[in-house]
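After this come two complexes, each holding chain A, first together with chain B and then together with chain C.
This part shows the complex of A and B:
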């Protein structure tokens, strides 16, 4: 079962993937947004790592710290969106030292709900929700079917990537790209790309 | 104490200060218009802690504050900033869904005539229907 050590590795792996893909995220954002998604997420995740509580902190303490750091440091919409996601995730696993399959399910479901409540985006708005929601749906179904956490997260990772791929053909109805109208079609949504990284990090670490 | 203060939130500090400067021409007191913009590092963006600080400042000078924002993430970071406020202050913040510059000017005029936050917000939101070209 994932514990505080795996949750810490998840956070560190997300930071690493964001760092490695920062240029790509910024280029995606340059096409249909304000060219800062990679820069903002990298700044945010660096602050997350700097401020991460010491070893021995429980999963919910770690996740809460991530949320607060992102809200403070990111500077774009992704700060409050990812920040709220992590704060909600923290609440969903409050007091747990080890995460059972149902806890993993609850963690990601709560994170998604935080994003949706704050950003009010629905599927096909060409936002991070297009990657986040299918990933959480697949995760929840797989775990309910008795699959292992590793297998369920691997399926969620694929679903997030597929959801992100599907944003390419969409016209944006939320976020900066919505100012572009039909010209946003043909470009991947940057937020969906960073969400795919979030699930990739989870699949690699939360076991 | 003023009845209603105005807070301008922009991705750009210069833009926020410029809107404040422009709108303040119509204000009765110098401390009734507040501005905040940019990230903590001075880049283009919005910062929830900085917005929170500005809200606290404005609420020391006025009973209520009406916030005008520029683009999408200014709104989301303002929501995050309200979450950071002490709970009793949160109910004293009103968000206006208005064009930034014209909205700020209308809001300041309404605030200077002693309107409460709900009326200031309504006045600011009328900016959407204002026309510049005279036909």
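This part shows the complex of A and C:
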């Protein structure tokens, strides 16, 4: 079962993936947005790592710290969106030392709900929701079907990536890319790309 | 990339420090969290005006902190909205008990971060109101977009609401005036070249030698249409007509007009552009009560311009003419 150590590794892995892909995320944003997504997420995740509470902190304490750091360091839309996701995730696993399959499911479902409530985006708006929602759906069904957390998260990782791939053909209806109309078609949504990294990090660490 | 910078990650702080060094009589700079405030704030029972947004649009917003305009400005990273901690701290620093008005440009991130800050201040019983500026006619306002972008009209909102606040009007009255200005202004811009975000180090988009982007945003976000470069008179027609039509201007109306540079266009070209705008308005029987020509809301080093028109009545004109003394705007004192 994932515990505080695996949650910490999850956060560190997400920071590492963001750092490795920062330039790519910024290039995606330059095409249909304002060329800062990778720069901002990298700055935010570095602050997250610097402020992460000491070893021994419970999963909810770690996740809450990530949320607060992102909200106060990232700016743009991604700061409040990812920040809210982690704050909601923290609440969903409050007081748990080890995460049962149902807790893993609740953690990511709550995170998605936070993103949807704040950003008011729905599927096919060409946003991070296009990667987040299918990933959470697959995660939840896989766990309900009795698959292991590792297998369910691997499926969620693939679903997030597929969801992100599917944004390429979409016209944006939220965020700065929505100003472009048809010209946004042919470009991957940067938020969906960072969300795919989030689930990749989860699949590699939350076991 | 050649730029007059030290390090990409200190660009915003270094510039804010420079602004404060240049105008110690007008503004003070707080580094952490980052905001620029009036040197004499909080001011005696006055409604406090707080704005902010991504950096790279100078003189907006920090250059408009001063007498008769903003009480505080919260600069984010380049083209990135500020974080809630900044607006919360700035709001507290300049609040004089008469309420705080947030002036927010309509971008998804700006709205979210200002909303979070407003919640934090309201929890302490500070009366926080917000006015959203969404004046860019290049963007269709529909269910299928994030709504019109906030651009040039922001300068007018900050000046005119600032004058109302300086006259010690109530928060409801300052909010009413700000919304009137936000509702009565429209803009459209264009680019001849892309800007280069320091942290990215290369142009945000590529434009051919003979191409221009019509309907450009102030963050280098591509516009609606790419076209062959034409004469400035023709370009101003392409910008001015949609603005005039959207405002529904008719013979006998009065406006304040701004021909704004995007940061990389010389004044000589902006005056040529403004000449055409003035002619267009004269031909339509529209009176230009006042004009601003220069760099007021920029996009780093982008070459290009934007046109903003604000329909005014006696009330708005009186507030426009009221004294202002900020680093980026000064008259009457």
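Here is the rule we go by: the second predicted complex is superposed on the first by the 207 of 207 C-alpha atoms of A that agree within 3 Å, B and C clash if a C-alpha of one lies under 4 Å from a C-alpha of the other, contacts with A are read in each partner's own complex, and residues count from 1 in each chain.
Here is the rule we go by: a residue touches a chain if its C-beta (ideal position, glycine included) is under 8 Å from a C-beta of that chain, and two chains touch if they have at least 3 such contacts.
This one's a predicted model, so the numbers in the text were calculated from it and none came from an experiment.
**Q** Clash or fit: chain B and chain C on chain A?
**A** Once chain A is superposed (C-alpha atoms), there is a clash between chain B and chain C.
**Q** Is A:26 contacted by the first partner chain B, the second partner chain C, both or neither?
**A** second
**Q** Look at A:36 in the shared chain and tell me whether it touches chain B only, chain C only, both, or neither; answer first, second, both or neither.
**A** Touch status of A:36: both partners.
**Q** Tell me which partner A:181 touches in the superposition: chain B (first), chain C (second), both or neither.
**A** second
**Q** With both complexes superposed on chain A, which partner does A:79 reach: first (chain B), second (chain C), both or neither?
**A** In the superposed model, A:79 contacts both chain B and chain C.
**Q** Could you tell me if A:173 is touching chain B, chain C, both of them or neither one (first, second, both, neither)?
**A** Second partner only.
**Q** If you tally the residues of chain A touched by each partner, is the higher count for chain B or for chain C?
**A** C
**Q** Quick check on my understanding: which residues of chain A belong to both its chain B contact set and its chain C contact set?
**A** 34, 36, 40, 43, 71-81, 118-119, 174-176
**Q** Show me the residue ranges of chain C that touch chain A in the complex, using the header's touch definition.
**A** 54, 76-85, 107-109, 112-113, 116, 138-140, 143-146, 149, 197, 199-200, 204-205, 217, 219-224
**Q** Going by the contact rule set out above, which residues of chain A touch chain B in the complex?
**A** Listed in rising order, the residues are 34, 36, 40, 43, 71-81, 83-84, 118-119, 174-176.
**Q** Would you mind writing out the residues of chain A in touch with chain C in their complex?
**A** Of all residues in chain A, those touching chain C are 26, 30, 32-36, 39-40, 43, 71-81, 118-119, 171, 173-176, 178-181, 183.
**Q** Which positions of chain B touch chain A when the two form their complex?
**A** Spelled out, the residues of chain B in touch with chain A are 39-41, 43-49, 71-73, 76-77, 79-80, 84.
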